[in-house]
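The structure is given below, and queries will be raised subsequently.
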Amino acid sequence: MSKPLPNASGHFRRSHADEFRLIETGFSRTMLALFIIALVSFPFLFSSFYVDLAAQVFLASIGALSLMLLTGIAGQISLGHAGLIAAGAFTAGILFKEFALPFWVTIPAAALVGAGIGVLFGLPSLRLRGLYLAVSTLALHFIVVFLGGEYETRRGFSTGILIDPPVVFGYEVYSTRAWYFTLAVAAAVTLWICINLMRSRSGRAWKSIHANETVAEAIGIGVTRYKLLAFVVSSSMTAVAGALFAYYRGFVSIEAFSLYLTIQYVAMIIIGGMGSLLGALLGAVFVTLFPYIIEALVSVLPGADRLAGSVFAFNYAAFGIVMILFLVFEPQGLVGIWRRIRDYFVLWPFRFKAMGGRK
Amino acid sequence: MKKICMIASIVAASFHASGAMAEDALKIGLTGALTGPVAGTYAPAVEGLRLYVDALNAGGGINGAMVELILQDDGAEPSRAAANAKRFITQDNVVMMINASLSSTFAPSIAETSRAGVPLMFAASACPQEVFPPANANLFCTTAFGAKYDSHAALQFIEGQAGSDIKIGFQAMAIPLSRGEIDYAEGVAASMGMTPVAKEITPPPAPDYSPFASNISDAGAEWVWSWAPWGAQVKTFEALRRLGWSGSYVAYAHLEAESELARVHDETFYLVGANALFTENLPVMQTITAAAQAAGSSYAANQLTEGWIAGMVIEAALKAASDPGDAGSVRDAMSNLTVDLQGLRGGPLVWTETNHFRTTQSYRVYRWNAANNAIETVQDWTSFDVE
Amino acid sequence: MQFAVNILVLASIYALIASGYVLIYRVSRVLNLAHGELMMFGAYLLVTTAAGLSSSPVVAILLALAMSLMVGGLVYLFLMRRMTGEMALAAVLTTVALGILLRGLILMFWSASPQHPRDTLGWENPVLMLPGDARISLFAALLVASTILVYAGLFAFLRFSRWGMRMRAAGQNPLLAAQRGINLHAVFALAWALSTFTGAIAGMLIALDSGLDSTMVMIGLKAFPAALVGGLDSLLGALIGALIIAAAEVGVIKYVDPLLADVIPFAVLVVMLVIRPWGLFGTREELDRV
Amino acid sequence: MTAEPLLVVEKLEVVYQRAITAIQGVSLKVYPNQIVALLGTNGAGKTTTLRAISGFLGLDDARVTEGTVTYRGIHLENREPYEVTRHGLSLVPERDKVFPNLTVAENLAVVPGRRGRSNRRMLEQVYHFFPGLKDLRRREAGLLSGGERQMLAVAAGLMCDPEMLLIDELSLGLSPVAVQSLTASLVAIRNELKISILLVEQSAVVALEIADMGYVLENGRVVLDGDAQRLLNHSDVQEFYLGHTGGDRRSYRDVKQYRRNRRWYG
């Protein structure tokens, strides 16, 4: 699985060290710098409503990346994502509420709990594949949600556990802007971890397990180990996302972790494009913003007032339709559209790629 | 990110386009569970509020200023409720925010509005602890039902009917709010000398309620107190009757109560409620019915009470405010407000500095009278002081 | 005795719904997660036909059933047909998306208020006395009877009718079935139609027995463990699985804690997946084919 | 052979996964009431040719990129399999040729009829050619022996009421006795029903014994064709397909050399 060449033409890797660079060309370095500048200036240019939306996108990106690692890269279908997020959020909530532990303890604790549950979620994967695995993770989702609900009721937190904003380096993370940067950094770190995992032995092992488990076993990959590893890594990242969610929203309540949340995350990786980290990011952006876009579009339609009562039902239905359209007409997802657009500009004025070009 | 910017600008453009139409209107933002499985509880109330505001505007608004009610769906999801709240506050500059959704959306709504100093009113959603004395300065609640007081009212009614030497069963739904209330009621019943014999907690969607009902029936309960969303209350009751159980059942009169009493037509199915039913046919009820018909509403007029009351409170608050365009001023007006509910409840709704629930909470008990083929008030307004 | 009746009624509900999962999975290897929504859709169709034809209830029911049969077929022809040959997850997700769409549509057309088609049709729901002082409502009894009828009908259909045999054949080896001149799309569409049909029967009877609102969709999901415990490609399995799940659930409600009612089906499912992932009566090699 | 040909394959080219060319410029004709043998070793393109005719390429991500397949003047390239069957061509595949969990009778019954002939009459006809199946009709097909299974597969093919049977690897893995009986049945079917049979075979002896015409495929091209008798006597066929070496055995390298020559000069 050789690393694909960077897309700008005329660039060749000339030394061994070149193979290991994350950023290979001056052009992409410039683009990255511009991108970072845009990210940093965003909260100062837009109102806090948009900043909050962006923060939600970052949070969703962490969850989407970890699910992509598990499902899109390692090929292990999971429908227990909301359960894992709930586990992370409850870990943070309980540790905060019962033991008043600070941020820098609860987040690693959530990661540990996530890893533990990852092993639990992963054990069935040693025997089950595909749909059956998905169903077993679904069952575990219900069990996690049940336990969370029990805790809430037994301790009398019937409207949820309230959590104080975390204090990082003596600075209280509370404002939208502060959360924007915190979550942006968290998402960037997750992305960095994911990119490097993909370039490592484990990433290659996951891809080969995805492609063909039997062959992977035959060429000496410890399928059991790497499957479990995929679950552990993905689950602990997801649980961290859950803990961040708890702090970000300032509370934890079991109603927030319905099956619909899982569906949204699965929709992210499908709509974004299976098997691609960029796809996970694009999917997170799309699915998070979609309800707002639809709402906005419907409200500019003539006669929107008359629809008022059913407009929300319409939003809901529209989400279903868009998902269907993506699944039917663009199985490659947003990333497929993105690649076509990019190729068009990279290759212009030519229409086809030369042999051996990037897929 | 380019993509985000692009989409954001599209969204921004369309928001501005829609927002530009009423610059000097008094804006009120509502986040509600308008879709999703629990929508049935909240959507009719929101419809009632919408109709009230329409009527208010048709009558000239508040001193000539229109009231713009901005509805946003949160599907009972906290993330969307938070985003809605942010939008109301930063984008629309609302003078008041309303929450008509599941309790999971409370925390983000409270956090956003408190910071901005915008009053938050709960309408049709459960009243949180913070609105009871000593009340949080920023939070208000018009919702009819109130935790603990409901159970007291119901248990007192039962005591009045059958004394305290009875076996009593309880029913709740497997959501924290309902379970908490029923646990509380169980304690109160025991302290009143009643014998709690069964407590059944049903999952939100039980395909068949008979197994739960069997437990209550087998335990020999003579009375049952049920405090849960409507479906769970009435389906447990119907399952009990099918099992041949002949005891009396007391449940909370949610907005479905009126049509359901007629449907169930059982004389020992009592509903404890804080809202008046439309059988009374008060003038205000005729107004609501006319408004619902004119708008072609998909909900029965008798389900709109809760929203209508919220509308009356909003109107009163905006009228009382020295500057209805300023959130702080509206909040101050709400902290000292008396609203005549024209008979929709047992008395006026009174908010004071320390009490944002209401100073007295009144309950009626209804049942179906087979002889008259009509709903009958078994016990007229009984008041409880809220302290 | 009442205990047994409770199990029987719940098992009938689960079995009737589970048959829909099994039919589609067995024939086209697609897990239909929109089954709950389709079943609810069928029940709402009855609400509409009942309102229009309250004078002739039987016609209303037959019309609603015919419409749900059609809806199932159309879902295949316009949507799922395009997903043949795609990966399993994509097909499953398409059904999830379909479910979301249906929920939105139902909310748009029927609002969120609870509906009571039985009252519209002017029917009573009397209680029948059974030996051993057990009771059952008329529509619950009808539910049990319909489950028996539907299963008997499905067994006979799959066993003896030519289209039934074709469905079995297509499920075993779609390639060969196509070679033999069997129109696979027709067979798959039939499976979807039948599945929606049986689901709609369940939905309508539940609605007639105890009313209808949008939470019904979750009942559809709860029947899913029954199908899986029995083996996703076996009708007999679905029947036995439904009995096991219902017995476990009702037993837990009676003897342990009613709170566990929602978890127990999935707990049984997890145990089953660990011991015998392909279910009690499922075909073993299916595991690798997914 | 005065009649119009039933099936005409003209310069057919099939590409798998948009990359691998499996057959190139294959042309063949099948006349009514004729048995035609398609010979070749593993990977020569026999099965691909058959699949291209019967509409099964789509499932392997393969496509007919050039050339035509016409049956009675109707174009059949890239059609759905069931459409091809309805036009009167019926394929008996190489593997997975019966539904293992269905009984013999059910295996025959699932086949939709054609031209409005009653299923029962077709069934009688099938039992007439394969009387052995009648006794086995309640047995699950998965429990049949290889020969019985092949019999059932041909019988099920006949149930489609075809004008032409396409049979993939008739003799593969069967005992000589079973093969003998099957070939006899095929000849009887041809003679009595007046249908054509395109027979794909590795075993040239079996195929050419009953065939009227033969084509030899190698590396995706037709290298030799002619009537069966001529092919039987052709020295190359004798040498490479019938194993009549005429004394000194040639090494495998010689065979490869021969193939290359055929390709270049043939």
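What to note about this one:
Each chain gets a letter, A, B, C and D, in the order it is written, and its residues are counted from 1.
Following the convention adopted for this analysis, a contact is a pair of C-beta atoms (placed from the backbone, for glycine too) under 8 Å apart; a residue touches a chain by one contact, two chains touch by 3 or more.
Because the structure is a prediction, the values reported are computed rather than measured.
The chains touching chain A as well as chain B are C.
Any chain touching chain B that also touches chain D appears here: C.
Located most centrally within the structure is C, per distance between chain CA means and the overall CA mean. Chain centres here are means of the Cα atoms, and by that rule the chain farthest away from chain C is D.
Between chain A and chain C the centroid-to-centroid distance comes to 33 Å (mean Cα coordinates, whole Å). Our note on geometry: chain A versus chain D, Cα centroid distance of 52 Å, whole angstroms. One finds 35 Å separating the Cα centroids of chain B and chain C. One inter-chain figure worth recording: chain C and chain D are separated by 44 Å, centre to centre, where each centre is the mean of the chain's CA atoms.
Listed for chain A are residues 312-313, 315-316, each touching two or more other chains. Listed for chain B are residues 35, 43, 174, 298, each touching two or more other chains. Chain contacts here follow an irregular pattern that is not a line, a ring, a star or a complete set. Of all possible chain pairings, those that touch are A-B, A-C, B-C, C-D. On chain C, the positions that touch chain B within their shared complex are 2-3, 5-6, 9-10, 13-14, 103-104, 107, 111-114, 116, 119, 125, 127, 135-137, 140, 206, 210-211, 213-219, 222-223, 249-250, 253-254, 258-259, 261-262. Residue ranges on chain C touching chain A, taken from their complex, read 31, 79, 82-83, 86, 88-90, 92-94, 96-105, 107-108, 221, 224-225, 228, 232, 259-260, 262-263, 266-267, 269-270, 273-274, 277-278, 287-288, 290.
The touching residues of chain B, counted against chain C in their complex, run 35, 37, 39-40, 43-44, 174, 200-212, 214-215, 230-231, 234-235, 238-239, 241-244, 256, 263, 298-300, 303.
Taken together, the chain B residues at the contact with chain A in this complex read 1-5, 7-8, 10-12, 14-15, 17-18, 34-36, 43, 47, 50, 71-73, 75-80, 82-83, 86-87, 90-91, 102-104, 106-108, 111, 126, 128-129, 174-177, 179-180, 183, 297-298. Residues of chain C touching chain D in their complex: 85, 162, 165-166, 168-169, 172-173, 175-184.
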